[in-house]
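A, B, C and D are the chain letters, set down in written order, and residue numbers restart from 1 in every chain.
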């Protein structure tokens, strides 16, 4: 059994997830600027979730690239990840409607935390294929640690939102942006190390 | 004609089926814990249907892998399967709204039963390609029997739900979990047999 | 430019078309048998449209298989076909709600007629690739004629529905079923001819 | 990392975008000709957006075809493009409901402008792969200029709609049709040049 059909199926599911989110942007009845501006929270929630799902897709792409075989642990940790990702459109719409409510922010953070956890399981399942290659193993263990740290930050954002939801938002945005920045640093430190 | 485009099309349809189900989780108006908890039946129905469709996808993956050619019986027994699978989002939403009603449980069971039956037809269509290979034929006949047994259990869950819907739920969960367990036993018994 | 990405894109679009149709089956509020039975017209319209789109997908599969290059006429006659096919979910929901109304039946027939016409254009675009192969050319011209005949029947079903909608339904079902039957006859006559 | 999975993911997203638009065509309650004709603006907006997204898909197809590697700039300029394209179903529904309102027309124009801009970024990211090939580089720079001109026209359509929305519509249609015409001229001039 090859990993290419898992990739194709995951691509399909993620493509639908990322696109049905826009269906939650309900078209306003009238065209006053006020009713359009009242969509801003939903739009920003959509924009951020699009970014988060796109990052997950890129990570998933990189991760499955090193998978050697489509065994049961890989298959089911992948399905587990897709399940938590499929909840993103729901929590995005919920957050967009109640962006000041710590419960909505907490539910959004909890979903991202569970996606992050599911990524950790998927990476572990794939790491098993590389026990005999120290360099690949070491690299992925480093990414794994970074992943766990992101997950811990998402988890921390849940209770912190009850103090002030803006703390949670800052955490969400920082974790997402961190994806773009330290990847290069990791690559550099890897190059220096080798 | 190759089987790869059938796989690609089926992947697309199943990816959409599994994802549009989450659209049936209607975002609650307010953020009270009560209104969120009232979504629990819909969420559990979604979780279970996600699992069932994912199992079907994995089975479909394994099954089409051994298909040798995309002939008319394969093509149309595959379309037949996709049709019954496409009803899962509808019966899931129906079950989520009426999880105590034996009629909703029965309709859900009937859909799973018809999916199971459609799998039997698809497997028969593919078995025709392997009449000359006793080992492959014997293996798939054994899986076929297990499949028919699952189908019979789903069918039994329909009337039993009218006694107590919890009996049906126990059957649904057991059939789904049975997928994870005896597959290994079958493999072992196969190894012992060969 | 290869035809494989056109196939992949068409597969994606058709997979979404065939699956979003089920979203038009609105989950009834209560679980009385009456409210479930009142869904019968929508369900039958869905069942028939699923069959029609599946037939179109199989035809599309066969047709693109003989395409030699993805030139502009092929690309745009394919997009044209996908456009008319994308209207099927809309007219299916419209027919399901108003199955006794000749206008709804006529709109459904008109959409199928336009899909059939779009298929004719697509086949013409692909036939241009085979001007130098008399056998392929002759086969496709024969299928083309059959296609035009189906289109003419769909067109005839529009005014005939205003006499009695059941005439239109009989035509729709016969054209769909004709796909399963004379294909073999064509193949046989082809074999006899060669 | 290969570009084929980016193509597959983009195909999936664009296939869903182009198909969910039809879900915004709400099925009318009654079957009077009046209520059907009142759908005309929504239908025309759908028809035009289908054409625009199909043109974008074809352009995307041509563009990714010359990409050499899936580096970060390509990956993220592609995700950026998909984001703006994913807003097309929303602005199409908004335009269909308020086709005489310059704000709805302006929002539609702004989305097309941003898609056009995102195409420019994507093309720049891919042009970096061809710095050493003057002919490919020169061809794409020419297409790039045409692209920027289309973008400028879309941008101009936003304020011009506040004078008369018909000016904006004429611009939209001309830019879309220009895609079909000068491409050949460009090819010819290229042939003459080489």
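Basically, a contact is a pair of C-beta atoms (placed from the backbone, for glycine too) under 8 Å apart; a residue touches a chain by one contact, two chains touch by 3 or more.
These figures come from a predicted structure and were not determined experimentally.
In this structure chain A contacts its sequence twin chain D using mostly different residue numbers, the overlap staying below half. Put simply, the chain farthest from chain D by mean CA position is B. In this assembly, the C-alpha centroid of chain A lies 39 Å from the C-alpha centroid of chain C. The centroid of the Cα atoms in chain B and the matching centroid in chain C are 28 Å apart.
Contacts with at least two other chains are made by residues 8, 12, 15-16, 20, 23 of chain C.
Per the touch definition, chain D reaches chain A in the complex via residues 1, 5, 8-9, 12-13, 15-17, 20, 23-24, 75, 79, 82-83, 86-87, 89-90, 93-94, 97-98, 101, 103-104, 107. Listing the residues of chain B that touch chain A in their complex gives 7-8, 11-12, 14-16, 18-23, 25, 27-29, 31, 33, 36, 47, 50, 54, 57-58, 61-62, 65.
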